[in-house]
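Below are structures written as structure tokens.
Across the two complexes that follow, chain A remains constant while its partner is chain B and subsequently chain C.
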Partner chain A sequence: MQSMLNQIYINKNVIDAARERMTYIFDEFENVCVSISGGKDSTVLAHLALLEANKRDRRIGIFFLDEEVVYDSTIAQIKYLMSMYPENTVKLWFQIEFNLTNSTSIKDGQLKCWERGKHDLWMRSKEPDSIQYKPWDRTKETIRDKNKGFGFYDALDNFQDSRKDTAFLVGLRATESPNRWRAVSKNPGYKDVYWCTKRKNGSVNFYPLYDWNFHDIWKYIYDAGLKYSKIYDYQYKKGMGLQEIRVSSLIHEKSFKALVELPEFEPKTYDKLMKRIGGIAVGHIYGKDNKMLRARTLPKNLKSWREYRDFLLETYPDVSKRDIFVKRYAKYLDNNYVARQECRQLILNDYENNLPVDNKPDPREETIKKWRELL
Partner chain B sequence: MREIKTENCGTFIIPDAPIINTKYGPVKLTSQAAIVVPIELVQANNYNPNSVDSKNMELLRQSIVNNGFCFGVVTVWDADLQKFIVVDGFHRYDIFKTELRAMEISIYVLDQTPAQRMAATVQFNRARGVHQVDLMGDLVRALFEQGEDDTAIAKHLGMELEEVFRLKQITGIAELFKNQTYSRSWEMQEVDDV
Partner chain C sequence: MIRIGLNQREKQKIIDEYLNNGIKKVFCFYYKDFPVKYKFDCNIEYVEYSDIEMYKFFYRLLEEISSDSLIIMDGCMRTQNRSELIYNCAHHYLNQTPHRIIFEYFPIIDTKEDFMILLDFDQPNKYKGKSFDYLFLQQEGILVKPHKVRMELLPVEVTEADKVKYEAKRDNLFDNLGSKDPDTVPRTLQLFAGDMKKRVIKPELQYVARNKRFKLENVLSYDDINKKGDYIVIDTHYRRLNMNDFLKTTGMEKIKYLCTTLSIDSVIISEFAEWKARLDAIYAQSNLY
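Moving on to the complex of A and B:
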């Protein structure tokens, strides 16, 4: 008889279970730190953690890694969360330089947020009490991808690695990110706890909201009378489904669609963003267009995705990045199914490979072949 | 004053538009130089990328009926075709002609090269604002408070009832979930695989 891991419903609701998880984390760890994004999930998570900290008269870190190019509503939400229980909060608002992909621009494929010497171009000024210099040993700093240089996840990694014996609380939910959930819940990350992953130096990432559904999040926000980012209400008013609304980043390859509605939501943010970096208007006008950025339909002057890919490769404006694509694609199959995905990467400057190519035989060709054999 | 002699429809006299001085130099008040022509002399251009969905076409028709034809169609005279070619205002021209069955229409006649005219079309199409969602919500609520019901608001603003409802909603999204019950919790557990 083999044993396997399964989701088993228990006789509790998600709110009681989450409170018990908080109790557990605070019992086990001296240092607790909540990562917030300004979104609804981390709002609930921070509130639950702050309540527990308040009850125990303890201080916890509230960590926000500021990408600079974000909604004003996000910043308002961060300020709200960081000032909710000041006596229980250690403000960890990071405003340091790191690289972001700007998927809508050919000229400015990368943005260095909070870049030194560009103060007058920043979307807003830095907070007086934010952390503005990397508080870790620079000689031991890790970087995941040398092509990209120091990026968002590197800032996150190095921050977390610089803190020992800490429980990092993250608002991951299984229904929202099933793949990530599956990956993190394979093994217990701490003692017999499955809803966490082990990190270096005795630290652990915990996911106390893993079993929450989106309506539980909203119910909690309503019950606790919490504020939340206005972007959610705007998106709802624009007719988006309750399950698709989210507060995302503004410029990277999975979120540039946010630029389409940005002028209707926050015209000033949009204006500042246009002055800050190239390609923003392209994202605004063509963010949901099937040809321009999403590579869903083939431009009419080209006969196949393979031809389009070769054209894009030949004309790729940043020669230093071009080789990354050439080398990457040499390893892939040369069919139209793969080529369409390659086109999308090229159009969105995805030299980091954040939108990985599903390298397999063209399913359409396979079907045609099968029919040919039959007929 | 300009004269346009047509082969079959006589001569049209285009008055000189008054010119005013601005920070960016003299600007022609072309809006003062409209002329009325038989609608069959007006013709669409063949390059306009603009499209208006059916809902907004209805709104445009309603606007013309309610507010009058406030903006003449911008054209140039094509002597070869013997037509006034639309630079801006194709959709209001279309509604005037096919729905309102008007026999005449007011137009402005620009004097432009083909390249200038294409640029002008895009300038007219694109240089316009969008509605800020929260201010649009305020506007819809103000109409509601002035006694217009949802159906009337939907009709006058060219919206679906659904959009009116959402814009009118001030309580916000969290309120929608107040009567929800919390989901049942679950855990990852080792189970025997039989």
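Moving on to the complex of A and C:
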């Protein structure tokens, strides 16, 4: 899809602009908290915020919600960022129990990370100084999707809602996720500032890197001499395209492709992941295959995507989740174009609807109709 | 600046004049089927189209291209997807210098929206996200030398038996389409109709067909044609871009097309007429040489 975002160059570079935004945030808010993922964007964001904190002799929260099933290189990067300016850092490394979708297995469709009683299966031990119990009022805890249970975004929401008058800094960039950017920047979230969104309890999410491009991030990392996740180097050496080079989660419906290269990049992580949860080998073998997880080629024994969808629905092992799909698909058009996308959702356990279906008449059928008329 | 439809000599002249703007190095991007060679004293580097997005070129070129560099995009409109990664990479280079010359043979590949790719080369950022408007043709430094292509139809008689065979083939293709791409139907039918044109092929004339199925020395495939000439078309190339390349390579402005009364040839003719109308509308509203 073509992005409708329009970048206009002005007489100011993105670093100066981001520094000015940091100054503004620190002037306006006593409490500042940076969310990090171990990726390149949050590395730059944390560094800029820590420099400002150091200049002012203040302490800021560095928040990492640990999904357990992540690259070892991500953990190394988190440790690096959290120890960069220890005198200015409040370590908020969360290792709490929450649910993650596992797209690679229909039987093992959900992983409860850091599950109690399964210490011996965890990918690694918890950090001695991490936050291991939910530090908010459980009676007021919110859950977005009851089908899924307490998930990643619920942990984020409840953490943020438990803090008052806090500026949460997020490394969102407009060019990376134009749709999300459009959604968050519609209205000013704080005073007349558009690069932020308002949250509960006087808190605000700020996006100080919103106008940075891919190359701005890498230039900053190079110029500031920062360390970055080794995964980027592996991906670069492997010849992956600019759009593919990213450090993501390993098992959810948008990131399972990472499993294809995982044994090559981090064999130990792959080995531990195999023992931790089902479907990992499937993700490794078929992550980029058109027939299986990506649902781009119809299996030979089926005549149409509609037939394939009906077969998947009939044989879907988790009955409670099957009803979610049945209910959802009843509202959609019944054609092969839509059915192919439904197959993808079913194969990837996407009961949360994170891969939305483009519900429209089948363009292929339109083309056939055109050729029938003309020929 | 954007210059459309020029030959090698005319392009050389424009570059020669442009080099007076204190240019220290020229970077010329070209497509492999149309290699270019310019003569001047200034340092020049040629970069093939497919290398534009390669890491080994990308970071080096970003370092080397500066405000006193001239970038020539010579026939680099190779895909209709305006957001293609390769174009985005090119925009990064183009953003680093105000000196840009865009050469192209035709102003579009197929639709008028394709022209926005050239405008994006010439003015990276200015037109991002905007749709084509004829007004844009007047707002930038665009000069066009039109190539007014036309089609001459050379009728080929088909018998009733041929028509029956053709209709049976068509019905069979639709019935057995399965999950195949529906565009394979007209493509296959064109080859089928092309076979019926074999009887009018004359040994003293040169022809072009989609492939080498006729096994005749005077019938070449599109891939074989690499120089100027006059060819009678048995089947058109199913990709508009390749058809345009054929016209550019041969220099033909009149397509002599062997035409039956079968429905597939009506489709070919009307698609050509629609493309020509889009092309002529751009020519009509541009500043011409």
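Operating definition for what follows: the second predicted complex is superposed on the first by the 358 of 375 C-alpha atoms of A that agree within 3 Å, B and C clash if a C-alpha of one lies under 4 Å from a C-alpha of the other, contacts with A are read in each partner's own complex, and residues count from 1 in each chain.
Quick note on the criterion: a residue touches a chain if its C-beta (ideal position, glycine included) is under 8 Å from a C-beta of that chain, and two chains touch if they have at least 3 such contacts.
Computed from a predicted model, the values in this text were never measured in an experiment.
Asks: Considering only touches as defined above, state whether A:G241 meets chain B (first), chain C (second), both or neither.
Replies: It touches chain C, and chain B stays clear.
Asks: Contacts for A:F26 in the overlay, against chain B (first) and chain C (second): which applies, first, second, both or neither?
Replies: In the superposition, A:F26 touches no partner, neither chain B nor chain C.
Asks: For A:R372, is the partner it touches chain B (first), chain C (second), both, or none of the two (neither)?
Replies: Only chain C is touched by A:R372; chain B is not.
Asks: On the A-aligned overlay, A:S304 touches which partner chain: chain B = first, chain C = second, or both, or neither?
Replies: A:S304 sits against chain C, while chain B stays out of touch.
Asks: Between chain B and chain C, whom does A:R364 touch in the aligned arrangement: first, second, both, or neither?
Replies: second
Asks: Classify the contacts of A:W212 with the two partner chains as first (chain B alone), second (chain C alone), both, or neither.
Replies: First partner only.
Asks: After superposition on the shared chain, which partner residues are touched by A:I8: those of chain B (first), chain C (second), both, or neither?
Replies: both
Asks: Once the structures are superposed on A, label A:Y222 by its partner contacts, choosing first (chain B), second (chain C), both or neither.
Replies: first
Asks: In the superposed arrangement, does chain B or chain C reach more residues of chain A?
Replies: B
Asks: Could you tell me if A:F256 is touching chain B, chain C, both of them or neither one (first, second, both, neither)?
Replies: In the superposition, A:F256 touches no partner, neither chain B nor chain C.
Asks: Touching chain B in one complex and chain C in the other: list those residues of chain A.
Replies: In the superposed arrangement, which is not itself an observed complex, chain A uses residues 2-9, 215, 236, 239, 242 for both chain B and chain C.
Asks: For the complex, which residues does chain A have touching chain C?
Replies: 2-9, 215, 236, 239, 241-243, 298, 303-304, 364, 367-368, 371-372, 374-375
Asks: Report the residues of chain C in contact with chain A in the complex, numbered from low to high.
Replies: 53, 55, 62, 82-83, 85, 92, 125, 128-129, 170, 174, 177-179, 182-183, 185-186, 189, 263-264, 266-267
Asks: For a test of understanding, state which residues of chain A touch chain B in their complex under the given definition.
Replies: It is residues 1-17, 185, 194-195, 211-213, 215-216, 218-219, 221-223, 226, 228, 230, 232-234, 236-239, 242, 245, 261, 263-265, 267 of chain A that touch chain B.
Asks: Over in the complex, which chain B residues touch chain A? Could you list them?
Replies: My answer: residues 130-134, 136-137, 162-163, 166-167, 169, 172-178, 180-194.
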